[in-house]
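Labels A, B, C and D are assigned to the chains in the order they are written; within every chain, residues are numbered from 1.
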C-alpha cells in the first residue's frame, strides 16, 4: 500500500540539541501509528515539522508519494493534516463553537455562520459521542472537556491524517475508550492517525504499528501484533524497567487531614464541591478517582488555600485550617503538586534555582530575616536536581527551557523534599514517560512509608488503583463511594464514576 | 545582505560584545539619521553634536546640569522599574511627582522656623506620603478589583497636574502676589548643595542610595523574590505562598514614593517654589528610561543619564549651533527606537533561546 | 441651578459633546483593533499629531481638505507600519516603542512646520471639511442637526462604532483578531498568520488615529500648532481600556470625556464660583469615579504586551 | 520646538540675519530671548519674536532665541546664553522671575530683562506694560457692544498680568452697565487650540455675545467661533481685524515687540537701569487696534477719549504686578 505520509531523513536542530536526527517514518492510510519515546525524544518536534510549525533543517516529506514542502500550518491543514497539540491550543474567552470555527472560511464570508457550523458540529459530536456544550467559553470547561474540544476541532477540519500528541493524558478510561472508538472509525474510512502516548497499554490496545524514538532518532518501527510492552519499554529507555510495582501494606497512624462537608464554587460561580467529607491518616494514600471536571481540581485548590470554601471544615493535624492562605498551610507542613505545572507550579521565566524557592523562600535556612541566603539556596537547588534527576544544563537555566517531564520532576523534587506531613498531588504523572512515571510513583510511595498522608488525585484509574490505600470516587462534587483495599475493582469504580452510587 | 549583516552581528554575539555594542550601534544610528535632518536644515551636524556633547559633559557646570536632569529622571525611572518588576505598569509617575511636589512645597512654606534636620526630612516625607497615596489608589484598585493600572494612572496624572494648578492659584499662592506660584520654600527645607560652586543638590545622593536599595531588595531579599514572582507569574506566586494582593499594593505604593522624590527634590533642591507645569514629561520619559535600562536599577541610572545628557546638551546645541530644539526630540526618539530595535533584532535573529516575556526581563540575579 | 440645567439640556451641548468626542472616538475605534490583537498602542498620540499636521499641510497647499485626509491616511499608514514593525517583527516592548514614537512625532511635526511654514505672526489657515447634511434625515428635529449634519470625519467616527462591533463579533476576521489577542499560538496552529493580523490591525489603528488628528485641523480648527493634540491620544487609549476593548463601551467612554469636557466649559461659562482647575480635572475625575463605582474589573486580551515568537520564523 | 532666528523663511526673505560674517571692529551686540511658548503662537511669544527681529534689523544685533522653554530648563538656558557672550538675555514672562534673579547674580556683566516680571537688580530690569489700561478700554467697548449683557473671556491659564486686565475690564464694564456679567473660561493649555474654540462656543451657548480672547494661538479658534455664531469678539495681543471685520469689535494690541525693542535700544545705548520699565498707551506700545465694521463712531470716540484720560493720569486703574 502506498504511504499516506512519508518522512525521509528529517533533521531538526535547536541550539545544542539534535531534536530530530535523520528520522524516517512511513504512515499508511487506515492505520493508527503510535509514536513512543521518553520525554525529550523528539516526538513533538517531529510532528511540529509535519504540521508546518517548524521547518525541518534537512529531509524530505512525501504525501501520497509526491514530495511536498510544508511551509506553513495552512499548507498542512490544506493538505489534510490535523493536529491535537500536547498543550491545548484553545482560546480561553471564546466559546467552543468559536474555537472550532476559528480560521475557517464561512459560507457567508466575511460574516460568521454559527448556526450552520453548530449543526454540523452537533452531528459530529453525536457521531463520535463527544459531548460538549457549544456555547460555553473554554475557561469555564474542565481540562478533560477542553481536550474533547481539541479533538472536535481537528475532526471538523476533516483531517486525513490526524496527529494526537498525548491526547489521553487527561481522559478517563471510558473517555479513552470512546476516543479509541473514534480513532478506529476514522481509520476504517481510510484516514490515518499518529498517536503520541507514554502509555504502553494504549499502544497495544489501539495502534497497528508503533515507532519508537530515542534521542531524536528512530529506534525501530514494528507492528504491535508482533511485540509486547516489555520490549517496547526496553526500546524506549534502552534498559529493562519494571512495569509492576510492589508496595507494602498500609501502616496507618493518626488522622492528618479531616474534611467535613466541604462546599466550594468553581470558576463559573457554580457549586463544584457539594458536601465532601473524608479523612486521611498518616502513612495512607487516599486516591480520588473521577472523570475530569467533577470537582477534583477545586478540592485540591480549597485544601491548599487557593480557593475559598463556602462551607464546611478542613482540619489539618487537628487544627481548623479552613480557608487558610497557602503560606499558613505550608507552615503546617503541607506540600502541593499542582495540576497545572506551567501556570501554577513553576515560574517559567525564573531560574531553576529560584523555582526551588517557591513556598519556602521565606524560611530558614533559605532566608534569614528578609535576607536571601543565596549560597544555601544554590546548594539546595543543585542537590535537588541531582537527587531527582532533573535534566537541565544548570541551576541558572530558566524553567521554560526544560521539557515538560523535567519541569514536573522539578516540582516533585521541591515539594517532596519538604518531607510533608500532608501531600496533595494532582495528576503528578501526567505527560511523563514510563521511566519518569515509575520514578514519581516510587517517590510517592516512599513518602507514604515515611509516614506522610497523601491525597492523590488522578484521572488515571489504573494509577489510582495501583497506589491508593483508599479510593474515593468523585461525581458531581460529591464522593459517591469510598472503596478500601480488596473492595476495589475496575468495573465498580467505572460505574460509580459514571454516577451510580454505591454505599461504602 | 541579510546574511552578511547576520554574519557580522554573529561575531559580536560570539564574543559576547553584542549586548554592549547593540545599544551603542543604536545610538550611533539615531545620531546618524538625525545628522541628515540637521544637514538638511543647513547646519553642520558634527559641530552640532560637538556642542551637544560639550553642553552635557563639557565642564563642571554643564555636567551639573546634566545631573540635575538626571536626578528626577532616575527617580521616576526607578519608580517604573520597581513597579514593573512587580507586574504593575506605573504610567502615573507624572501625577505622583506633581502631588509630591505639592505636599513638599506645602511643608516647605507653611512651617518656617523648623530646624533643618526636621524640616527637610519632613518636607521629603510629606512628598513621599503624597506620591505613595496617589499610587496606592491604582495599586489598590488593581489588586482588589483587577482594574487596569495603565488606565487609572493616566487619569490620575491629569488630576495630579491640575491639583498643583489648583494649589498655586489658591491656598498655596504666594500671599500678596498675583502670580500663580507658591512662596519661596524656607531655607530649612532646601536640599543642601553638595558640590561647592554648583547647584548640585543632595538629591543625587538619594538617587544612588535608592538605586542600591532597590537592587538589594529585588535580588537579595525575600521581598524582592515576592515582587519578582508576582511580576512574572501571579498565580504561581500565590501558590508559592506570596500574598499577591498585598505585594501589588505595596509595590505600587513604593513606586509612587520613589516617583515622589523626582518632584520633591526638584522643588526642594532646584526650583524652591512651586509653579504650574514645573516639570513636564518626566513621568512618561521614565518609561523609556526604565525599559532602556533593562528594568534593572543600575541600567535605569545609565539610561537616565543618557536622557538627561541629551536633553541638557540639546539646549546648548540649539544655542551654539542654531539647531532647533525640536531636532533633539528627533535624536532622542531615533536613539530610543534604534536602541530597542537593534537590541530586539539581535535577540530575534541571533538568539533562539529567547523566551522572556518582555525584552530585558532578567530572571537571575545580576 | 436653572442655568446649569439650561446649559446641559440644550441641543448645542449635545453637538459640542459630539464634536469634542469625534477625535477621541476615531482614535479609540482604531486602537480597539490593535489592542484586541494584543498590541498596546500608546503611540496614538503620535499618530494623531502626524494626522493633524499632515492633513493641515496638504489641505493648505492643495486648497482641498480631502487631499488633507489622504495625507492623514498615508501618514497613519506609515506610523502603523512603523509601530507594527517594531512591536511585531522586532518584538520590541510596546510601551517604550510608543514613547519613542510620541517624542518623534513632536520633533518631526514641529521641525517640519518651521521648515515649511516658518515662524509666522499670522497662522496660515487651511480649508476645512464641509458639513454634509444627509438628505431628509438632517431635517429631523434635534437628532437631525446632531447626527446628520456633520463633516465626513464625524460620520466616519460614528459609523466606525457599529462597523467595528460587527467586524469584531460577527465576522471571521473579528474572530481571528480576538483569537490572536488572546492566544496567538492557538491561532497560529489553525493557520492564521498572527503577524499579518497584527500588522493589519495596527495599521488600521494608525490610520484611524491619524484621521482623529485630522479632525482637529481640517475637520475642526483649520490651524496647526506644535503639540496641539495635547494628550488626546492618551485619553483615547484610556477610553479603550475603560470601554473594555468593546467598540460600544469605548464609544461611551469617549463620549463621557466629550460630555464632561463640554459640561465643564459650560459651567465655566455660566460663571460658577469654583476654581477653574476643579473644572479642568472634571473629565478625569468623572471617568475615574464612573470606573470605580460603575464598571467592573477590567478585561484584558491575554497576550497583551507580549510579542509573539514562533520559533525561528 | 525651537529654532534660531535665521531659520525663519517667511518672516524676512533671504537676508542674512546673523552678523557673524561682518567682521566689524566693534564687537557685535548680542541679544538672546527665552520664550515660554512657540514662536508661532500668534500671540505672546510671537510678539516677542517680532521684537527680536526688529532688534536684529534696526540695531544690527546678533540675536538668538529658544522656544517652548520649560520651567526646569530656564536657568540652564539663560546661563548658556550668558556664557556664550550675549549682552542681553530676556526671559519672556513672569515665570522667568526666579531664574532671572539667580542667573543675573551669577553673570554681573550680562544684562538681563524680564517681560511681565517684577524683579530688578544691578543688571536686571523688568519690562512691563501698564497693565490694566487695555482692560479698561476693552471694558468700554465690550459693555457698549453686548446686548445680552454677558461678556466672556477665554484664556488658557491664570496669569497675573491677565488678571489685572480682566479686573479692570470687569469693573469698567459694570460701571457703564450694571447689568453686565463677566465670566472667564480657562482651557488649561496654551497648546490645545481646539479647546479655546470650544470654550468660546460654550460661552456663546450660555448667552455671551461679546468674547474677549487672550489665548495666543487659540485666539484664532475663538474668532472662528464668533464668526460661526455671529457674535462679537475682541482679540488680544495681535490685531484680529482682518480675520473677521464683521465680528471683531477691536483688539487690545500689545506691541510686545516695541516694548522689548525700546528697552533693548536703551540698553544698547548704555542707559541700562536695574529698574522696572513700564510702558503703556502713552508710549504707543499698547493701544486699541482697528475697529470692526460694527463699532459705532460714538463708541470709538468715547474710547479715544478714555484712552487720553488714561494717558493723562485721570483714571485710577486697579491692581498692580
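The criterion applied here is as follows: contacts are C-beta pairs under 8 Å (C-beta built on N, C-alpha and C of every residue); 3 or more make two chains touch, one makes a residue touch a chain.
Just so it is clear, the model here is predicted, and its values are computed rather than measured.
Note on connectivity: the fewest chain-to-chain touch steps from subunit B to subunit D number 1.
Path length between subunit B and subunit C in the chain contact graph, taken as the least number of steps between touching chains: 1. Distance between Cα centroids is largest for the pairing of subunit C with A. Simply put, of A-C and C-D, more C-beta pairs touch at C-D.
Chain centres here are Cα averages; for subunit A and subunit B they lie 45 Å apart. Distance between chain centres (mean CA atoms), subunit A to subunit D: 75 Å. The centroid of the Cα atoms in subunit C and the matching centroid in subunit D are 34 Å apart. The set of subunit C residues touching two or more other chains comprises 106-107, 110-111, 114-115, 226, 277, 280, 311-312.
Residues of subunit B in contact with two or more other chains: 41, 162, 165, 169, 324, 326, 329, 352, 355, 357.
Residue positions 1, 3, 7, 68, 158, 188 of subunit D each touch two or more of the other chains.
Because contacts link the chains in a way that matches no line, ring, star or complete pattern, their graph is best described as other. Touching chain pairs in this entry, ordered by label, are A-B, A-C, B-C, B-D, C-D.
For subunit D in complex with subunit B, the residues that touch the partner chain are 1-4, 6-7, 32, 64, 66-68, 70-73, 75-77, 79-81, 83-84, 94-95, 97-98, 157-160, 163-164, 188, 319, 321. Touching subunit B in their complex are the following residues of subunit A: 14-15, 304, 306, 325-327, 330, 336, 338, 343-351, 353-354, 357-362, 367, 370-372, 374, 396, 398, 400-401. On subunit B, the positions that touch subunit D within their shared complex are 41, 55, 61, 65, 68-69, 162, 165, 169, 177-181, 199, 266, 270-273, 275-280, 312, 315-316, 318-320, 322, 324-326, 329.
By the touch criterion stated above, subunit D contacts subunit C in their complex at residues 1, 3, 7-11, 38-42, 46-47, 49-50, 68, 152, 158, 181-186, 188-189, 191-195, 197-199, 201-203, 205-206, 208, 217, 220-221, 224, 238.
Only residues 170-173, 175-176, 178-179, 182-183, 185-193, 299, 302, 310-313 of subunit C touch subunit A when the two sit together in their complex.
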